[in-house]
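The structure that follows is given in the form of structure tokens.
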Amino acid sequence: MPEHNRRYNLMELMVTVAARQLENGKTAVIGTGMPLAAAMLAQKTRAPHLITLFEAGSVAPQLVKLPLSVADSFTQTGALMHQTMNEIMEACQRGVVDYTFLGGAQIDCYGNLNSTFIGGDWRKPKVRLPGSGGANDLASLCWRTLVIMPHDRKHFVSKLDFVTTPGYLTGPDAREAAGLPPGTGPYRVIGTLALMGFDPESKRMRVEALHPGVTPEDVVADTGFEMQFADPLPVSEEPTDEELAILRNEIDPERRIIGRS
Amino acid sequence: MPEHNRRYNLMELMVTVAARQLENGKTAVIGTGMPLAAAMLAQKTRAPHLITLFEAGSVAPQLVKLPLSVADSFTQTGALMHQTMNEIMEACQRGVVDYTFLGGAQIDCYGNLNSTFIGGDWRKPKVRLPGSGGANDLASLCWRTLVIMPHDRKHFVSKLDFVTTPGYLTGPDAREAAGLPPGTGPYRVIGTLALMGFDPESKRMRVEALHPGVTPEDVVADTGFEMQFADPLPVSEEPTDEELAILRNEIDPERRIIGRS
Amino acid sequence: MEIERTEPASIDPVGELFSSPDVDAARAFFAAKPRTLTSKLMTVAEAVDRFIHDGDYLASGGFGGVRIATAVLHEVVRRRRTHLGFAGHTATHDFQILAAGRCFDRCDAAYIVGLELRGLSPCARRYMESGEVRVAEWSNATLGWRFKAAAMGVPFLPVRTLLGTGTFEKSAAKRIRCPFTGLTLAAVPALFPDVGIIHVHRADIYGNAQVDGIGIADWDLARASKRLILTTERIVSTGEIRAEPSKTLVPYWLVDAVCHVPYGSFPGNMPYEYYSDEAHLAEWMEAGKTQAALDRFLDKYIHGPREFAEYLELAGGEKRLAELREMEPLRR
Amino acid sequence: MEIERTEPASIDPVGELFSSPDVDAARAFFAAKPRTLTSKLMTVAEAVDRFIHDGDYLASGGFGGVRIATAVLHEVVRRRRTHLGFAGHTATHDFQILAAGRCFDRCDAAYIVGLELRGLSPCARRYMESGEVRVAEWSNATLGWRFKAAAMGVPFLPVRTLLGTGTFEKSAAKRIRCPFTGLTLAAVPALFPDVGIIHVHRADIYGNAQVDGIGIADWDLARASKRLILTTERIVSTGEIRAEPSKTLVPYWLVDAVCHVPYGSFPGNMPYEYYSDEAHLAEWMEAGKTQAALDRFLDKYIHGPREFAEYLELAGGEKRLAELREMEPLRR
């Protein structure tokens, strides 16, 4: 892993880069952990009216602290509406939700995700993981899917052990052919090395910006599939002091997320 | 119309006979008017725990006065639950609702109902009526359908102008063949002349009890199809003084229902 | 006696589909709809001007004579909107108003023309018997489930009603077979109204809105509607909404207009606030008996007043409204 | 570099269907279920004894570590119920408890094994990696919609997720075509659990029950379940229920047992009451790392105590519970 400026750690950089992908005045179903830290940072900086929804049913809460569960009390404080999970999912299905923000155990070049099992086979897996949870639904139905994941060959693989959650499946038009709503799909992948997007034609993952100090060769070395690169290829903007202060003092004072680096 | 005892009028008799068809500890979706008066009378006499539901969403209210609409405030007083119309209908579809109680403009020998139009044709009717409302749904989904209607050849017809709401359709097994849930169908018809049921084999309407002073010939004369008669054929029990007092003083002091005679 | 059997409706439905169940088109519409936090407070005139156009398909919340957006319905008549489609779902007085204005020319009929215990509306009957209105037959549940399909973002829902009847035959439903059980089901297509109108107890200026009492079909109707106009008894702060999040009907990003209309359901009932004005409804029914009387009535109560408050004044004003509050059994 | 393409899941699903979507059988069950007004107050032991049998299909309300019926889950383990089916819907600590007891041998998996931010449960992993549990894959929405289909009384719902993935392939969903739009959809079959267990804020002795905060899947789960066991923080009068009818989750005739279990969601969060006990959950996760440690842990916390109150005492008692109340951000 490349060396970084001591002013911030990798988790802080990822959260900051992720926060900048979320727009003001848009709706987003957010998972716990880094996605939520990013959404909270976005709300406290450039996107004060980013509307957060939680798959268990909370709509537009006033977040005071990082929840530990997408259903817990901290997702419900000051909410505009307390709904059900089905109602949140149905809003996504109706096309009202702009973003979702997920993690996963493996990702491939088309942004497909595995969170079901690693190794062995499905009936007797080496490592059984949670399965889809809401990921398959949210990535099928929300307009833009963001993914946040550590960047190495364990995570960025040429072939998933299991396709839990749809990215672009097998490439252009494959989502539509399968029956998924047109115009949806993976939008950004925020990793420990770079910010990635997807080539509009081939639907394959490509680096949109390298994190400070990272070279294209670093990315290639840590990726299990043939990564593409945008041209020109900027460097990710570093976290500002203000962003870091908010992240450390207001969002994650217990260092649950940013302390993992 | 045959002569009646002066102690009660025909409306009072019908409501009383209807009330006796409803069981304690059962659920019933009730329409406004005579069905509701009957349900309220049942609750105040032999079925204190008859559970009334209203298609607009109110569940098990404590009824204080006859509502004018299945949605109005008087259906909502002291309710156990305020739901939506779909949720009420879904409870019926799931099989949780024992009774429904309907009116209509025409009924045929299989208990099919018309409330859509009379005369002319569907595109340019002579008299346009409300249509199904909830009747088609409730008669399709609740276990037992009760109907209350004036008994004459205008109402009891050999052929409906329009089949708005299913009775036994064309006879035995026709409901099941159409896809309606098995075991459902018309149960009782309370008219101005008699209490009717349906022959378990032929699914055709038959008189179960004649109202006081009514002869089988009266019924035949006022029925547009071949009416069957149970054997033996009892006489409907007259309203008791207690029933009449409750009806007049507590349920319908404004004589909205029982004053129509 | 000769028995003539009622024929089974074994043929496939022939009713017209007045709106497209194309969920992808609806998704594209909803994707483009702004979700910014801005005040949507405006007059009813402005809301109708901006959001209800000739030819639109309209759905009205509440239950006909209970919690209806009367001010919007009057404005639609006043502005002589025409060629509307209308969802005749639990439609009573709302239907009567639009029929009096001859505003719609196609109608999904579940419950129309009648005013429940009050009888049939003469003006609504006359219009529906004129042959000028194209109709498809539905039922309260199936029209409600059509809103629900739209709210869920699916093009249809399978249901177990309608089957075997004339209502089915004159609907635009389809017969399908369950892929798991083999059961015969009716499929009802998603209904995305161009505009929904709903009267609520309270809303903030952005459109966060709450309702007390039963929900009827408004939850789904609000979500199915591409554009949504709210009238509200009271404008409240967003804090008041956040204090009771389980009461919220819609969040602000689904709403296009918020109109402050106290007594906005008059002459209908507004649960917890005021009861229906049966005398005024009787006046409506009476006036509808002839076209001439109806024209005078509409001139007096709808075309004459510049705004809803003037109508309330004409219909009895504060004294009458106080009586209706007194009659309301759920009043707080 | 050679590119190995992820293969599309174009084949039809092969996952097992662990429960029947036969809506007519469910209707017959619900028809026969008593709707009389009787007290259903009983101990958790009695409720499990009467209503949860070996081989039953079980669904647990709340969200894994939020508003869960822990006392019932413990009792199921204590009584060594086996061969259960389990709806792994938003299942976290509830799943871990039943996995520790090896109570189920088939599972509809939407979210299992993990405890969200807290990581994977070692004992749940070990059980799921043993090959002893038959699995079908679903997602939170599709398993939720399966409950909804059951609650609606239809044998399936059409949905737009799962498609194209391995999750679809290992589910028991089916691919269908929309009869109106031609769209490809997934059909998900109704799921009627034999037993549902839900922890609520308050209930009366008959089973009228209310919940504060988000609903997760409980509305549908409660209605889908053939038998329903409630645990409740508080027993209230029916009058208290009638005072806030919009908060009611279920009316009494859907309920089979009402068990008074204060702190019944411990160590899970109970919104408006107390927050989750992260230290105790960490102890669970740690104990699960070896079977020997897990056995000792279960002996101490589940098999040892005669009832839930004893478990609460062992896990920190009133002092700890007061701390958890203090940590709850929605507390009143």
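As written, the chain order gives the labels A, B, C and D, with residue 1 at the start of each chain.
In this section, contacts are C-beta pairs under 8 Å (C-beta built on N, C-alpha and C of every residue); 3 or more make two chains touch, one makes a residue touch a chain.
Source: prediction; values computed, not measured.
**Q** Give the chain pair, either A-C or A-D, that is connected by more C-beta contacts.
**A** Answer by contact count: A-D.
**Q** So how far apart, in whole Å, are chain A and chain B when each is placed at the average of its C-alpha atoms?
**A** Computed value for the inter-centroid distance: 58 Å.
**Q** Just how far, in Å, is the C-alpha centre of chain D from the one of chain C?
**A** 38
**Q** For chain A versus chain D, what separation do you get between their C-alpha means, in angstrom?
**A** 27
**Q** Centre to centre, by mean C-alpha position, how many angstrom separate chain A and chain C?
**A** Comparing mean C-alpha positions, chain C is 41 Å from chain A.
**Q** Among the residues of chain A, which ones contact at least 2 other chains?
**A** Within chain A, residues 76, 82, 93, 141, 181 contact more than one other chain.
**Q** Can you pull out the residues of chain D that are in contact with at least two other chains?
**A** Within chain D, the residues that touch at least two other chains are 23-24, 153-154, 159-160, 183, 185, 213, 246.
**Q** Indicate which of the five shapes (line, ring, star, complete, other) describes how the chains touch one another.
**A** Chain contacts: none of line, ring, star or complete; other.
**Q** Determine which chains touch and list them pairwise.
**A** Listed by label, chains in contact pair as A-C, A-D, B-C, B-D, C-D.
**Q** Write out the stretch or stretches of chain A touching chain C in their complex.
**A** That would be residues 24-27, 49, 51, 59-60, 62, 76, 78-82, 90-96, 98, 141, 143, 181-183 of chain A.
**Q** Can you tell me which positions in chain C touch chain A when the two form their complex?
**A** Answer in residue numbers: 23-24, 26-31, 33-37, 150-154, 208, 223, 238, 241-242, 245-246, 248, 251-254.
**Q** Spell out the part of chain D that touches chain C in their complex, as residue ranges.
**A** Of all residues in chain D, those touching chain C are 17, 21-24, 153-160, 174, 176, 178-181, 183, 185, 187, 189, 212-213, 246-247.
**Q** Of all residues in chain C, which touch chain B in the complex?
**A** 1-9, 62-67, 88, 90, 92, 109-114, 116-118, 120, 125, 128-131, 135, 137-142, 144-145, 148, 159-167, 170, 175, 183-186, 213-220, 269, 271-272, 275-276, 278, 328-330
**Q** Using the touch rule from the top, collect the residues of chain B that touch chain C in their complex.
**A** 32-33, 54-58, 64-65, 68-77, 82-86, 89, 93, 108-110, 112, 116, 120, 122-137, 140-141, 158-160, 162-166, 169-171, 174-175, 177-181, 225-226, 256
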